[in-house]
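Across the two complexes that follow, chain A remains constant while its partner is chain B and subsequently chain C.
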Partner chain A sequence: MEPSIWDWIYDLRISQMIAEGAWQFPALEVIHIYSMIFLITAVALFDLSFMGFSVGGETISRAAKMALRWTWVCFGINAVSGTLIFMSRAPEYAGNWAFQLKLALVFVGMAAHTIILRKAARWETAPAMGFGSKLLMGGISLLIWVGVITASRWIAYAIPEFL
Partner chain B sequence: MRQKALLGLMIACGLLVVSGRLLAHHSAAGLFSREEEVVLTGAVKVWRMVNPHPALVFDGKTDAGAVETWTATFNSVADVRKHGWTRETFKAGDPVTMLGNPFFGGQKTIFPLVVTTPDGKKHLMRDPEVNKAYAEGAHRVQ
Partner chain C sequence: MNEMPEAWYMFCQAVETTWLHRTMSTTNWYFPAVETFHHIGMVLLVGSISLFDLRLLGVAMKGQSVSRLADRLLPTTWTGFALMLVTGTLLFVTSPLSGQEYCPNATFRLKLVLIGLAGLNMAVFHFTVYRRVGEWDKAHSTPLGAKLVGSLSVILWAGVVAAGRWIGFS
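Now for the complex of A and B:
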């Protein structure tokens, strides 16, 4: 059988270092988990403000500005650490349905959130958007990120050799 | 002030969520039966010497004669390295024999006790006490 691109990535020197090193994988795992927690916390805090459950009475536009910055910083760190972890076992991750689902949900979540955050200031002053609509949009966003966490955890169980 | 509060909340959430994971990745104890053993002889399909758990996928023939694809999952890279194993230890098609505990639920995964590598060497894979017992022939499956 011809080696695939995933085999080629798996055989790279850097991938081997992460796959077999004593500290590289655990360090990346910690960075990946923490950046995911910060990312989702930033998203959730904004979503709750947007839905009308603001903790500090912050306006939506100010909350959006802060969330946008935090979201992209955390996403950048998360994407880099995640890519490095992926490289250490690319052939299995690439074919893992939970991993594929996670990537799809992250893409949808980030795209939806960026649109919401950029338009938040306009919606703040537009009386047309009712409480129900905001509740629905914020709720869907929160559900997407709960899905990301669930899919992330499920990667380990999607195929037995990941246990 | 608001930014500091937000940062504090994020750190607190992070510590709460991760603390459990850092203390214990997971134990294999609840995953397989110590009472049950299986011996599989067959050919290697894929060997992955990777964190967090190295894995060997192979077509194993049971005593009953059935050939099934099984996965052997090992403790850690550091653990298999103690046996002198590297990425090159197993290649596709290499012969391998494995004695181990199968996982619950009919899953074709084995937690190895004794592995016979392609060079014919036997490796005791568990903690010293279990290894000693198995070196003295404590197998349930003969």
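Now for the complex of A and C:
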């Protein structure tokens, strides 16, 4: 079989350094998980504000501005650390269904938030929308991120040796 | 493997004889399923605590009432803590001496110590600086004591997350 792009990435010096080092891989994971906590907290704070359960009593536009800033900083850290983690095990991760699902959920979650947060940063008050619709939208967003955590945790187990 | 105190070793041996240990260690998907809830609990716990710490440090939620923020965040913090305690116990019970070998793992014990210190830090805050929260409740700049507690809390919880991740690698 011809070597794939994933093998090529895996063979890069930086990927090998992470794969073979004693502390590089777990250190990247710690950075990845720690910034994930802040990313999801920022998103959840906005979602709660949107649903009418503002945590600190902040206005919805203020919550949106705060979330926009924090999500993108945390997402940047997550993307860099995540890419490095991926490179060190590229062939395994690329074919891993839990990893693929996680990537799809992160993409949907970030895309939806970028659209909503940029609009919400300009809102004077919350949109005139039924409580049920707000609850549904906020609930779906929160569920996407719970899904991200779940899929992440299953990456290590979505392997033939396990199931 | 490092030396274990006698009482600790006997306790770990006793855990291996329990029904819970047998149940958890004989079905292979129980462990990752419980781990998933452990991570959700972590986001609730560390996320809510960090938000409060950032307010104490004057980084986020500036000008919002500190006592109101505390009241609004505490239910989430306690929910996260309860979820972590229950799932963490289940994970520990699965493989104290076999498999993951939590008992002889120095990083695992470090994590428990860090959680204890974080709890102590919160208790100290509650009984000292927070007693006079009325005087600085809405102030952008919090007293030095509050900033100290906030910094310590951030460091200790980051340490807990790091130690937790490191258990499997040590």
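Following the convention adopted for this analysis, the second predicted complex is superposed on the first by the 152 of 163 C-alpha atoms of A that agree within 3 Å, B and C clash if a C-alpha of one lies under 4 Å from a C-alpha of the other, contacts with A are read in each partner's own complex, and residues count from 1 in each chain.
By definition in this document, a contact is a pair of C-beta atoms (placed from the backbone, for glycine too) under 8 Å apart; a residue touches a chain by one contact, two chains touch by 3 or more.
None of the values given here were measured: they were computed from a predicted structure.
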item: Chain B versus chain C as contact partner of A:Tyr157, first or second or both or neither; value: second
item: Contacts of A:Asp7 with chain B and chain C, given as first, second, both or neither; value: neither
item: Touched partner set for A:Met66, first chain B, second chain C, both or neither; value: both
item: First (chain B), second (chain C), both or neither touched by A:Arg89; value: first
item: Which of chain B and chain C A:Val146 touches, first, second, both or neither; value: second
item: Chain B versus chain C as contact partner of A:Ile37, first or second or both or neither; value: both
item: Intersection of chain A interface sets (partners chain B, chain C); value: 25-26, 30, 33-34, 37-38, 41, 45, 56, 58, 66, 70, 162-163
item: Chain B contact footprint on chain A (complex, rising order); value: 16, 18-22, 24-26, 30, 33-34, 37-38, 41-42, 45, 56, 58, 66, 70, 88-89, 92, 160-163
item: Complex interface listing, chain C residues touching chain A; value: 28-29, 32, 35-36, 39-40, 42-43, 46-48, 50-51, 55, 60-61, 64-65, 68-69, 72-73, 158, 161-162, 165-166, 168-169
item: Residue ranges of chain A in contact with chain C within the complex; value: 23, 25-26, 29-30, 33-34, 36-38, 40-41, 44-45, 55-58, 66, 70, 146, 149-150, 152-154, 156-157, 162-163
item: Contact set on chain B toward chain A in their complex; value: 2-3, 5-6, 9-10, 13-14, 17-18, 21-22, 31, 48-53, 55, 57, 71, 73, 77-78, 87, 103, 107-109
